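Below you will find the structure I want to go over with you.
In this document, chain identifiers A, B, C, D, E and F correspond to the written order of the chains, with residue numbering beginning at 1 in each.
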């Protein structure tokens, strides 16, 4: 079977830690759908278009990575794609408990869809979208923590006086 | 690609929690090699033959599950099988930290071999080979915690006055 | 002594996990006062009246369960009821640390009032009021996670276009 | 109902942390049975008689504390006593996970028997039978960590050249 | 070398737990700079001037404790002070993971600046600025949890009908 | 004051993670005494002389690092050296809880002696003496995980058929 996995998240923005999970996920799965969750309640830092663009640019030319967005429950989205695997990265104990609850909840909501977890590489375990944003807003250097085009996007956004 | 995953462990004995991981792993992977680690230092409760037999009996007739044993490093065994995925079950925070260390260590020892983790189903998260043995030795009822033929094997062993 | 325990919480809304703690708490205590905390700062999803009603309906006819609400410190409320036991459910490590701090803080604020913790049953450990609300708002099926009359209340609220 | 709780453990030896749990448990329960588990496999530091004697001496004259010993499964012992509550102290995350597994396992083995957990007081959260023994063997001062008669028992044992 | 350490935080307000870390930090370092982080996004309960004043009053006459404030990245502030040590208190596993990430992130942002952690004394491990504020707002007694002049400041603020 | 810190441990053998803590500790302290604990009960893999030699060789020519050994309580040893700081590395939650207990216990045994913790660098957080030994015994490559002379010592020991 050609195995497809869905890698869902906010990706606000994509970080080097996410890139590592995607690259390593491609050792295991034939195709990865990186799926940006649209959350009407949480105002993101980057727009949906910006977030999708950052991911697309990181994998352009690689037809095993598809970038998409979705609303609603993750498991419903997974089903519409005909997939049965959710891939998630794990960094810390707090992540672990959240993922443990979500994985079991998703199994109840959608038996047959499985969540597989991959440990974030040790070189990125301290990198999250949240702390990248905090560092950038305080004027710190985020090179290496996100792809170069995201470093540039932060620079432009901050120069325009946003947010 | 036909995806093969190695599911290594002591399986002393296999529990309902392990069975759940294997069954769910088959939703994701084409073939699972359940690999019993031979540890010269740790005296097991059941012999290697018994442990292999318990697993074989649980999956007889299912040619997508292969039962094997190995000595040495897990990653070396994975390579000899031409595989690149290690599957592991996660139950608790203590498991998580151990698995986090092992996954990163194994990536250093063998880049390209990835560890994927699956959360143990909530109905089995309190079941381990260790506490099954403790309960059986104290005369408790282990039905449902291990396959019926393992319940029987405990009964026979204890009647013979072992260990 | 006829032992009374106070089971405080936001119950926004009561879940199957809470019901399990209450039912099991009745094996141990003569009477349980389920006490809904009124928090002026946190806008709840369901009104106080709705939250109280959901609990009352779940235990109607059972005079060992009393439903009440309170403002102010939990320990002050416990004292006004002439009780000395707070019952709390524990699901995860994050819960554990919060409860550990609160239990010790409450012992300092009110020596003689004791907090007793009961582990949430494994079948509900992934259920919280928070994730029930998230699933319902995203159109997912919450049957089994909350009592039937709460499923219905969500349906009506969402049909009215709330919140 | 006159509520009886069983407080099981190795108590090798009883510490000030255990004493705190027992004293506070008496605010909640009518009677506490402190039950020393006899574990044929783990050689204790103090004999069963010594361990029982230490607890008895700490509560002599208090007829609400009964000291006893048992072999086999804790839940079987609880049933023979006609009780349905196991009391346990919680100190740390590692404790929490172990107790979470045991509480759920015991509920499966014996539905209707409930485990209630009490947080160890902050003044004793770093005290365990294990580290008391280590400190005593290295010549450190254990006053305050165990009752005075246990301090004395360590002194005598070490003077006799044991263990 | 005369060793200077920076002890950064929100200190909204300073608690007895913070005081304990500072006092014990003075056993180790020649000088401690207690640095209040100015966070434009998070509206504090007490103004910057109040927060600085509380700390100054607690250490007046002690020229080894300097009170200061800063904006921007902590590591940039540390460098402007010619220091290379950040001191932080640790209370719980959740703290631990956050501090682990921040310490490694700061080492990447500023190699040569080291974070040293000190365990909060057990008598204060349940005290945080957050739960002190919650207790005070609910009318509870916070004596012993914060210095006497902070108890007084809460009383005055609440009498004025703030916040 | 010239600040001296004691870095105690089993160091069986010293790893790259330990080396990182020592090197970074020298940014903060004037002198570090690396103190090998002699534990009569735990049979080490390498002899005391080997363990001391490995550390000495790693820091030869550096007079700010002193290598020593001790028996008995760590705090008693710290006092005989006229020091008041214990330095410890932290890798994981399990470490954290152990260190939290030991730090508070040591403060009770010896007020005025403080334990400071440093987070192990992310590149070594998965390296422990224990897993280095396991990998070496299974024939794995431990280069980079320990200093080159320790790699060599393992090779020689295993060639001699030990242990």
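Throughout what follows, a contact is a pair of C-beta atoms (placed from the backbone, for glycine too) under 8 Å apart; a residue touches a chain by one contact, two chains touch by 3 or more.
No experiment lies behind these values; they were computed from the predicted model shown.
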Considering only chains that satisfy the touch condition with subunit B, which of them also satisfy it with subunit D? C, F
Turning subunit D onto subunit E with a C-alpha fit: angle in degrees, nearest 5? 180
Where centres are the averaged C-alpha coordinates, which chain has the largest centre distance to subunit F? C
Most remote chain relative to subunit B, going by C-alpha centroids? E
Can you give the whole-Å distance between the Cα centres of subunit B and subunit E? 48
Using the average of all C-alpha atoms in each chain as its centre, how far is it in Å between subunit A and subunit E? 34
When the centre of a chain is set as the mean of its C-alpha atoms, what distance in Å lies between subunit A and subunit B? 31
Mind pulling the residue numbers of subunit B that touch at least two other chains? 93-94, 97, 100, 104, 122, 125-126
Chain pairs in touch? A-B, A-C, A-E, A-F, B-C, B-D, B-F, C-D, C-E, D-E, D-F, E-F
Subunit E partner, complex, touching residues on subunit D are 93, 122-123, 125-126
The subunit E residues in contact with subunit C across the complex are 92-94, 125-128, 131, 135, 138-141, 144
In the complex, the residues of subunit F that touch subunit D are 71-73, 75-76, 93-94, 97, 100-102, 104-105, 108-109
Touching subunit F in the complex: which residues of subunit E? 1, 3, 24, 27-30, 84-85, 90, 93, 96-97, 99-100, 103-104, 107, 112, 114-119, 121-122
